Amino acid sequence: MSESVPGTPPEVFAPVEVPVSPAQPPEEVEFVQLLTPEGERVEHPDYSFDLDDEAIKGFYRDMVLVRRIDAEATALQRQGELGLWASLLGQEAAQIGSGRALNAKDMVFPTYREHGVAWCQGVNPLNLLGLFRGVDQGAWDPKDNNFHLYTIVIGAQTLHATGYAMGQQRDGVLGGGVDGDAGEATIAYFGDGASSQGDVNEAFIYASVFNAPVVFFCQNNQWAISEPIDRQTRIPLYQRAAGFGFPGVRVDGNDVLATYAVSQQALKRAREGSGPTLIEAYTYRMGAHTTSDDPTKYRLNEDLEHWKLKDPIERVHAYLSRHAGVDHDFFDEIDAEGDKIAAELRAGCLALPDPQLTDFFQHVYVEETPQLAEQRAQYAAYAASFDGEG
Amino acid sequence: MTKITLGKGINAGLRAAMEADPKVVVMGEDIGKLGGVFRVTEGLQKDFGEDRVIDTPLAESGIIGTAVGLALRGYRPVCEIQFDGFVFPAYDQIINQVAKMHYRSMGKIKMPVVIRIPYGGGIGAVEHHSESPEALFAHVNGLKVVTCGDPVDAYWMIQQAIASDDPVVFFEPKRRYHEKAELDESVPPALPLHQAKVVREGADATLLCYGPMVKTCVQAAEAAVEDGRNLEVVDLRTISPFDLPTIFASVKKTGRAVVVHEATLSFGPGSEIAARVSEECFYHLEAPVLRVTGFDTPYPPSRMEEEYLPDLDRVLDGVDRVMGY
Amino acid sequence: MSESVPGTPPEVFAPVEVPVSPAQPPEEVEFVQLLTPEGERVEHPDYSFDLDDEAIKGFYRDMVLVRRIDAEATALQRQGELGLWASLLGQEAAQIGSGRALNAKDMVFPTYREHGVAWCQGVNPLNLLGLFRGVDQGAWDPKDNNFHLYTIVIGAQTLHATGYAMGQQRDGVLGGGVDGDAGEATIAYFGDGASSQGDVNEAFIYASVFNAPVVFFCQNNQWAISEPIDRQTRIPLYQRAAGFGFPGVRVDGNDVLATYAVSQQALKRAREGSGPTLIEAYTYRMGAHTTSDDPTKYRLNEDLEHWKLKDPIERVHAYLSRHAGVDHDFFDEIDAEGDKIAAELRAGCLALPDPQLTDFFQHVYVEETPQLAEQRAQYAAYAASFDGEG
Amino acid sequence: MTKITLGKGINAGLRAAMEADPKVVVMGEDIGKLGGVFRVTEGLQKDFGEDRVIDTPLAESGIIGTAVGLALRGYRPVCEIQFDGFVFPAYDQIINQVAKMHYRSMGKIKMPVVIRIPYGGGIGAVEHHSESPEALFAHVNGLKVVTCGDPVDAYWMIQQAIASDDPVVFFEPKRRYHEKAELDESVPPALPLHQAKVVREGADATLLCYGPMVKTCVQAAEAAVEDGRNLEVVDLRTISPFDLPTIFASVKKTGRAVVVHEATLSFGPGSEIAARVSEECFYHLEAPVLRVTGFDTPYPPSRMEEEYLPDLDRVLDGVDRVMGY
């Protein structure tokens, strides 16, 4: 059950059956696992978790806090303060494990759901709300935390990541340090659905041909809105990489130790100059696709119940309390910290200033065109004509 | 007679088309069990099966590219693009393949493909979900581009588009999906697909609009009565080709025209209307054709969309200006 | 050397070296081969050629005639009668082998270089010239010979083929007959360069997910204009298929017996309803990319010399004369037939009527728009105003 | 002073930009050893190496998508699209990513990407190799669109485009690649990138043109002298934004304008000019703005392209018509 499986392609001309069931139940899935759902640590021939229990406590804290932030954002949406929210519920281990494996100089290209990775990079959670509240479109400077803007057009960011990694290559920042680990790498996040986009496959090709230092981190949460994974592939996704000539690995995406270990190794490989890796983090979208979605239309409740038993946070809780002597004070403190952060987030959200359209005219170009300057002036005059009207 | 929303009108139109012709297949992302993110295909997969209502992989070029193949095999695919901003991965297949196939084959191949695109703003969505890219299709020869402004048109126009042997890009005004009207399915459609409709007669100036702006313009025209102005409102319905005779007739009558659309001003649909009207109605125009449109910026974050989108006040401001000449 | 190799993916995390040499010399390449360059037949565990020497003579004739047609077209271009020509020189075996494996109801989606496949489908070679002479854009009816228009936008046709195959599926024409062989299949041709396009990879995904009866036939002729194959992939192309969950096989593309056998099996699989296959026909573009190209800018003459020894026609000639008792009358007759066809082609080309722009206005739409009708009328009047001027 | 062709002008301009700034990288299909199918990048890979002159996989979305990433890393990528008809697989990356990045980030990200596209007809090519899709980019906010009409502009404008911190789509009139002119590299460029140029002064009517049509219009203006007509010719150079002050000044002076471009008539660049000029010069116009353009059909097989493309006679016919009002 906890084995890394390099792609074993179907035999030539052996008829391939198209799977009919939506998603394989996780029992039957082979992947790298280092911590079972019950909170027991297990060995893996190729991967080990080399940090101590303090680090695991840190991961636990990360996961609880991002889940709390996520819940607060969902609540804000329900109360009309956000137009939309895309919840990461259930994907905390995938995001924290990979996010914590990043070095300071590594660069991240997220989708719209990587709130946990943003957290690891030190992005203020409030910044994430702007897009969903409709006051901006991200608008943080990617350089501040090496975290690019959220990308909504599915798959587009995988090419950006590959290009960025080609830039790292050209800057000569690969290799060096112990084991070449001083180099820089790029990580691109995307979903199972995204794997079908031409762009993602072109990114695989560019990364492979140029041997770019990029890790493709696919969170296979089993669903692309209402479409189950069998609408995107009939074999495990990580095997896609082999066809492009670079390694692919499937990891238990609900196991933060395993996602950390696997990500670390792939990032190291990239930093050393050994090229791209595809990681498939096998996980589950516990919530709706976004707050606009109604999953009862297309999936069974029992699926969800089943996955609740694999919860990424519960297993670390179990491990820490059973095997690391952590008591409830620790857990309570984190919960309290979460409530505090959530309250701050809420206050910050409500205090976000409403944007002015006239300001936004100036962001279209570095050098504004005369036409746009004129439109801006006309609009400002027009808008001003309403002032005092009430 | 049934009370129907614009969204349900398209749904019913799709259903009618599928019942009438077994070669009609519907394809896109999340259109099956979910019924599409706007529920426009709700219930179709249940009744027509997975072979005719196809949930595709998440790849728009693939949707249109395979639709081309299905059309070559004798099918009439109706493709759903989930939101306006996501049609562009399929743009190459649309303009190089769908649009040109008939021409390339010197008329031997037909491409009866319909591409449905929910478009426009006003629903408080995040980026890429509120765009109005119709000019980017209207400039492409071989395509036809239409949009409906009310539920009854929605019901009939989708069926006419599916019946068309030419490829049709069918823009659906997403913020009007919930507008309601009475539909009598037994009364055949009043107009062919490529004809405009005068929705309000007037004498002082003409508002030329389509899709989501039809309602806005009708409201503006009603408000203008207070100012003593009698505005004519034309729902263009067809963007490529424009129904020029109807447009010219109205403008020659009123002598003044304001084009209203959500799409960006420059190189937008309004510029083509202005160019045509200026040429054909040169001696009739009391004022230049003015345009009230989205500004020349990307669609803004949603908290500003009310300002970005033409609304009653901006339309009336345009009318003031056109009357000022 | 003559072995079918299902994709053996690189091991997880074993660093993959990016190849630096442009193309592997064919000696080191593993593929399905049934007839050596020297004209000796060899056995293969999975594939055998099940037709008699008469059939081989037919293939020989096909290959010689399409090469002759191709040479005539090149000459016509040199003499200014065609604007361009894309030669198939060197790829005759790949095209004739696969083309002859098609059944009457199978459908073909070509690129711009499939003159040999067109021949097998019974397309009049003169029809192929229209596009290159600039009098039309193909303009044959694909239904006449189950041969779609040439597609110039790289890779686009692979999606059309997949959609067409989905149509065959929906028409219920798979399976039936002996071994299900009565079904229909679709074949999509494309080049090594094309394999990098998003569209081709999306076609793989659609074909796999829907299990469509389509054969992807990639002629890896080592070059995409000036770019060697290492600009597109760092592992053998046929292995790409495994990552998408269907079989891939590499065949000696200069061996008409092997391309026939491998295509036949893949087509049969498709017709039976067992889904897609990728065939990589390993071959070489002996000529320039098109008559506009100058390959001396980017490749070595010795490469070409090396490949001349693998000529697809020579080896069949050798086999027929040495092992099938075919004498020179047979060969001479075919050469004479080629000259006759070439002469007819030339005469036909010169006699092609010049097209009228006004006619072409009517092909834009089934139902012409009023605007276009007006433009057409205006243009006709304008053009007529020059009549008699001189 | 060196005699230089338009193609060599761009080559020399690229070289100068690469010498001036090590962050400039050039990428595209066949641009390395081959020097591009038009030899515009000839010799660059030899001198600047494979890391700065990158032969990419055959995937246009990949070219632009990785260029975005390189730009985010501080590079200034210059992307070559092999022919006009092949830019569309990259369209999504261009309009959703390249064009919008600055806006999305509220000005924090710059996208100094240049997209070079050889465009237009007249070279006897097969389909997809002769198109004029500039309007499809000009309608997209966030992009700038320019085109050069002569070798000296070619040399300077490509450098100005690379120096621009905004993304620029740089259309190269492929059938003019071999036009020659004298270039003095030591004389700085006469105009900034986004300014039009009056290439011939005249009083009776204005020909507004750009790219490949500049030469055609100058020839037409010279021929018109025989008919006693003195035409002004404006090389627009910049399409988005248009240099409106120069356009308006000329049309106000002459009172008549004909826009000439190869792109299809409807929803083409000429419609935007007509709309703007009709509005701004309403009281100055003696005649409507007329358009002499490619017809509303796909680009035809090359044996008919001479008829399809605006030529001297069609331009003069347009002049006749505009003078007839």
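For reference, chains read A, B, C and D in written order, and residue numbers begin at 1 within each chain.
Just so it is clear, a residue touches a chain if its C-beta (ideal position, glycine included) is under 8 Å from a C-beta of that chain, and two chains touch if they have at least 3 such contacts.
Predicted, not measured: the structure shown is a model, and the values here were computed from it.
Peer 1: Which chain's centre, taken as the mean of its Cα atoms, is farthest from the centre of chain D?
Peer 2: A
Peer 1: With contacts counted as defined, which of the two, A-B or B-C, has more C-beta pairs across the interface?
Peer 2: By number of C-beta pairs in contact, B-C is the larger.
Peer 1: Using CA atom averages as chain centres, what separation in Å is found between chain A and chain C?
Peer 2: It comes to 42 Å between the two C-alpha centres.
Peer 1: Could you work out how far the Cα centre of chain C sits from that of chain D, in whole Å?
Peer 2: Here the centre of chain D sits 36 Å away from the centre of chain C.
Peer 1: Could you grab the centroid distance between chain B and chain C? Build each centroid from C-alpha atoms only and quote it in angstrom.
Peer 2: 41
Peer 1: Out of chain D, which residues touch more than one other chain, so two or more?
Peer 2: Each of 56-57, 59, 61-62, 85, 89, 92, 96, 103-104, 127-128, 141-142, 240-241, 266, 296-298 in chain D touches at least two other chains.
Peer 1: For chain A, what residues touch not just one other chain but two or more?
Peer 2: 136-137, 153, 196-199, 202, 205, 209, 231-232, 360, 363-364, 369, 371-372
Peer 1: Using the touch definition from the top, list the residues of chain C that touch chain D in their complex.
Peer 2: 83-84, 112, 130-137, 152-154, 193-194, 196-199, 224-227, 231-232, 292-293, 297-298, 354-357, 360-361, 363-364, 369, 371-372, 375, 379, 382-383, 386
Peer 1: In their complex, what parts of chain D are in touch with chain B?
Peer 2: 61, 85, 88-89, 91-92, 95-96, 99-100, 103-104, 127-128, 135-136, 138-142, 240-241, 264, 266-272, 274-276, 278-279, 282, 287-291, 296-298, 325
Peer 1: What part of chain B is in contact with chain A in the complex they form?
Peer 2: For chain B paired with chain A, touching residues are 29-30, 32-35, 37, 55-59, 61-62, 85-86, 89, 124-128, 265-266, 295-298, 300-305, 307-308, 313-314, 317.
Peer 1: So in the complex, the part of chain C that touches chain A is made up of which residues?
Peer 2: 4, 6-16, 18, 46, 196-199, 201-202, 205, 208-211, 230-235, 239-249, 265-266, 269, 272, 274-275, 277
Peer 1: Report the residues of chain A in contact with chain D in the complex, numbered from low to high.
Peer 2: My answer: residues 136-142, 148-149, 153, 156, 158-171, 198-199, 202-203, 205-206, 209, 360, 362-367, 369-372.
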